[in-house]
Amino acid sequence: MDFSDSPDVAEFRAGLRAWLGEHLATYADGVGYDSAEGVAATHRWHRALAAAGYVTVSLDPEYGGRGLSDLYEAVVNEELAAAGAPPPPPIGHIAHAVADFASADLKARVLPGLLGCTESWCQGFSEPGAGSDLAALSTTATATDDGFVVNGQKIWTSWAMWADRCLLLCRTEPDQARHRGLSMLVVDMDTPGITRREITLANGSREFAEVFFDDVPVPAANLVGERGQGWRIAQHMLTYERGPADMGWTGRLGNVLAAAQEGVRSGRLPADDVLRRRLAAVAVDAQVLSWHVARSLVDRSSADPGSSGSIDKLLTTRVEQELYAVVGDLNGAAQVVGEQRPFNEYLWARAQSIYGGTQQIQRQIVAQRLLGLPRG
Amino acid sequence: MQIGLDPEQRALGKASGALAADLASGWDRGRGPSDVASAAPSDADWARIVEAGWPALRLREENGGLGAAAVDVAVLVEQLGRHSVAAPVIGTLVAAEQLQALGAPAETLEAIAAGELRVAPLLDAGLLGFAPSAEGALAWDSAGATLAYAPDGSAHALGEPLPTADVTRSVRRPGARVTDRDTALRPPAGDDRDRLHAFVLTLLVADLLGTMSAALDAAVEHATTRTQFGRPIGSFQAVQQIAAEDLVSVEATRSALYFSAWAVDALPPAEALRAARTAKAFASRSGVAVCQDAVQLFGGIGMTWESPAHVWLRRAQTDRTSFGDEHAHQAVLADLDLAPGA
Amino acid sequence: MDFSDSPDVAEFRAGLRAWLGEHLATYADGVGYDSAEGVAATHRWHRALAAAGYVTVSLDPEYGGRGLSDLYEAVVNEELAAAGAPPPPPIGHIAHAVADFASADLKARVLPGLLGCTESWCQGFSEPGAGSDLAALSTTATATDDGFVVNGQKIWTSWAMWADRCLLLCRTEPDQARHRGLSMLVVDMDTPGITRREITLANGSREFAEVFFDDVPVPAANLVGERGQGWRIAQHMLTYERGPADMGWTGRLGNVLAAAQEGVRSGRLPADDVLRRRLAAVAVDAQVLSWHVARSLVDRSSADPGSSGSIDKLLTTRVEQELYAVVGDLNGAAQVVGEQRPFNEYLWARAQSIYGGTQQIQRQIVAQRLLGLPRG
Amino acid sequence: MQIGLDPEQRALGKASGALAADLASGWDRGRGPSDVASAAPSDADWARIVEAGWPALRLREENGGLGAAAVDVAVLVEQLGRHSVAAPVIGTLVAAEQLQALGAPAETLEAIAAGELRVAPLLDAGLLGFAPSAEGALAWDSAGATLAYAPDGSAHALGEPLPTADVTRSVRRPGARVTDRDTALRPPAGDDRDRLHAFVLTLLVADLLGTMSAALDAAVEHATTRTQFGRPIGSFQAVQQIAAEDLVSVEATRSALYFSAWAVDALPPAEALRAARTAKAFASRSGVAVCQDAVQLFGGIGMTWESPAHVWLRRAQTDRTSFGDEHAHQAVLADLDLAPGA
């Protein structure tokens, strides 16, 4: 049992810290998705990080990665959070899908732009009629002589407004039931027939969009893997989606907690004994979460039920929602009158039990797959 | 014991609900946070509100009012919450009640009852209660109001709306003195202060009840029509368990409102205030919990600006904080119940 | 809106208080179900209460009641709780079932003993295979020339160890599905073929028993209502089972709360600010519960969803479990070392979300019947 | 980072679990509260425990012990919790660790390691920590123990077991002095005290983890076989939602245990204690919550004496209270984190 860094990890971490110390100030300002300037700043930040060799470090060197373990991805996320830097580009799962399933030609065409962050990607999975029930999706890619023609609609597509390419999960085999009929395509977002509509969230965020496909041609060479393999690739991606990023997210929650603690210590956030103890209780939860995420990351390849992403997500959501509830109460009237960032963060915490699979679905996965309870 | 609304109160609820729904339908939260319509009612809408007698409802007859019972006012306010009405009717009712308790002259109160004078109450910076002076105070639910009075009778103009979580109601800072509108006020007797406080808390409970029941009803409706895995999501037990606990919270809050509203006029002031604190503590907790659950039941769509789900949650959180959340009231109740010799 | 007593109710309440002041001390001591003496004392208490006219006051005078509304039953429960007296006999629902459905002959035979508390009754509903799913019960009453022969097993039968009679829900129509095949019988508990086995609960309570029926003959005259009407009668009983008794239960929770508050005030139960505030929070809940139970009682006949017993039970359970959690923490080490009454009460509170229909089933009833959500 | 058990630790867990299960199978909780078997192990069982090296596990080699890491001890204690072992192994481990930290002579510790001297730790009357003296103290997990030492080295005989919630472990009052068994102790250094405290809290976390995971596993097993409405109750979503959250709690508690146990030996004492307090706070809450849920999932049968469900809940509540519940530790953590200048 050892929760501390190995020498290699410590060296990697120190290198990253040094790089951040030198370069963060140049890039961190103005990063966001609320304006064209913010998006441009985000892309600059991603490209700088990629150029420094800190993007998708777990990918094979032949594809532009560094062939390091997931742990290093986690260190990147963790250190960026600790430094108060914007997150790394969330492209690890897309990169792994392409690297592990795409043809050599497709890889050569798209991986450099993806990994160098010179091209921006989105992931077209959810649909209005297929959220929790993803296998019910109905966007079709009908085979033609030289490829496919896509028709349908995606929703909750993060960064779609600014994306150059989309990894699209769609139905190519209409005669196959549910998940057996799905395939994965790379779609250039400037192809005629694609329309994007921004979604404004309750917290003012403009990260999501709807994407409409109207007779959109996609060349056969843009098929990732084989026809009918879409579901498998999507599942494969899920295993890369969380773990390391959880480390960053946990770190960011830790920053929020630390700021609240500092506010109480300094008297800026007046807190009676009850509020102090509520803050201490959520600090306990946040600390256990960070230990759990670390363990989960290292144990990922084992058969240990602790490796389950659904458990991690449920625990994270529990902690995050409680944290923002306490921080909200610490803010008191300032939560409802005045600058709205705290309230928007509280709202965003509420969304965590919905996005990426609702709490109810996550619990069902845990109950059936990990506890072995029978299906209803 | 005669617990529940009488036919007249049911009729008042129905009529208030109809007008509230109509007012709400004329207000637009726009396409995002920077696109929200003003909460201030148009002159035409204000005229309809005055016509309905809402600003006059609780004022005594000698002050140009209708002398309604607190239960009647609660019936109205529940509907304002239910439809997330943007017009500052609650602020007006609270300010009028405060001014009456502070012995404001009849002509001032008559002007409020007639809708000619549009006032808002001044709360302290923590929104915990009425402000002792205009210094640092906030004019609460003050959209379209022209004046706010400090307890010393000084009249204050009001500034621009501040950024707020609640998109349906405005908070503004008192600005320049308007000395020619000053009025004569006196400190209230302890009893009057307690009854005023009980009344105000009761209105917030009513708004929370309307808000949470609207949220639950809409979430249930959504769950009945939205399908996943080939069936309505409301047929899933996981969804039903949440919605059922929410109905328990709504019904318990209704019981608390009924007692609290009855107590304002029927019990000695200290007991009425105690009941109102209890009701406010309970409704603050349950109102926010139900509105949070509604967001959950709406799923992804509930987190969009387009959905009403966040509007209810914003309103509930604001009602919860205003005049003290559950922690504030439980702190007072703990002192009342648990001090040695209490 | 009026939460205060009408003059009639006030007079009734005053009369009961006076009676309690005079007689409670004579009867209250030693009441319980943990020993033969306790059971005897319980029966003496019930008989005294019955003789004074305070048992099943809502029953028609022709059957021995006083024809008063449910409200008066509630006052009895409430005043007994307030006086710290043992509860009244829980027979209102049985009495109403017999009075409303039994033949004149059966009524004449059994009601005097039931209402006078000279005979003790139990209610045989639950079975090992039919708890939450009562309609699945399998105890059979096979029709014979002059009645029925009962075979099967009941469980969770309160007071069965000392009961003279049992109101038995059993299957008389084997060709009818589920609830359509059930009937209600009055069974004399000294009939040969009946075996009782005490169930000791986790909290040491010995109130429950299993009852085994092995070719137990029951005369046709002991059928309540008609064959196949059992489910309807059982549902009818449910409407009498809670309401008024809730008032007493709420009162008893109020006593526990008041004792805890007094303990804190006096310093006997040391409490920091956090514990004091937790006690205040549960006091809020208990107060709202008592208002709700009062409203629910008065609104019972209306179509108001507030009238639902399931809502009341869920709310009561929520408050009760939280109350005993806080009281347990107030007791600190004394909860786990020393006299075990507090811990046993805590355990009993845990059972409240199971007995009388689990929390999960109650929520499903609320969701489907009151909110109108579709069945799964 | 190397988080998880190594093959040796897994083997230790397996062997400990087998013996723990066997010991547990020989103990009977009877037919009701007045029928419970003594928690004291038979001589034969104690000999097996000694043979397994459990009392000696953590003592240093110079004191006749095996010098095991805290992680190893945690692996054992998890199994004791998992099987609700009645024999006072945890009490012995705690007492031995305390005596070693207080500088007890090697012969005393050797006698403990060899199972010849059966000691229990003295806790204060609130079970919050080690007692400063025998006055009013409680000998914790002391079934079959013959002596308890106060920090001044005085030896005390032990009285009859007190009534306790936990039916598997005894608490007894120290009685007569046994002066010829007195030993020489010294006050521990602050660092030693912190590390001792961290170690003890970690064992309670381990017992809680074992207890809660046993309860959850059994509840899941019950839910898989028990049918209602024609299907296993575990197939109902309402049941699955509860069980899933419980698994989250169990796994998070396991992570907390791993860190806390590692920290005892690897981090500076103050950090180790802080981690242990955090883990104990979390495990106290989650352990009781999971065991309560297990009672719920067992349904009516779970509330009978016959069912093991209440045994787990009793043990969890006792573990939670012993050496401070979540509130006690959160109070300390709040002071550490939130005091001005902290």
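Couple of notes before you dig in:
In this document, chain identifiers A, B, C and D correspond to the written order of the chains, with residue numbering beginning at 1 in each.
The rule is simple: a contact is a pair of C-beta atoms (placed from the backbone, for glycine too) under 8 Å apart; a residue touches a chain by one contact, two chains touch by 3 or more.
Bear in mind the structure is a predicted one, so any value in this text is a computation, not a measurement.
When the interfaces B-C and A-C are ranked by C-beta pairs in contact, the top one is B-C. Of all chains, the one whose mean C-alpha position sits at the greatest distance from that of subunit A is C. With each centre defined as the average position of its C-alpha atoms, the distance from subunit A to subunit C rounds to 53 Å. For the pair subunit A and subunit D, the distance between C-alpha centroids works out to 40 Å. Residue positions of subunit C touching 2 or more other chains, listed in rising order: 272, 274, 277, 360, 363-364, 376.
In subunit B, the residues that reach two or more other chains under the touch definition are 236-241, 327, 331.
Put simply, subunit A touches subunit C in their complex at residues 272-274, 277, 376.
In the complex of the two chains, the subunit D residues touching subunit B come out as 236-238, 240-241. The touching residues of subunit D, when paired with subunit C in their complex, are 31-33, 125-128, 138, 162-166, 171, 227-230, 236-239, 292, 295-296, 299-300, 302-307, 309-310, 313-314, 317-318, 321-322, 325, 327, 331.
Subunit A contributes residues 1-6, 9, 71, 261, 264-267, 271, 276-277, 279-281, 283-285, 287-289, 291-292, 294-299, 302, 304-306, 311, 314-315, 318, 360, 362-368, 370-376 to its touches with subunit D in the complex. Here subunit A touches subunit B in the complex through residues 126, 129-133, 136, 155-156, 199-204, 206, 272, 274-275, 328-329, 332-333, 335-340, 343, 347, 350-351, 353-355, 358-360, 363-364, going by the rule given at the top.
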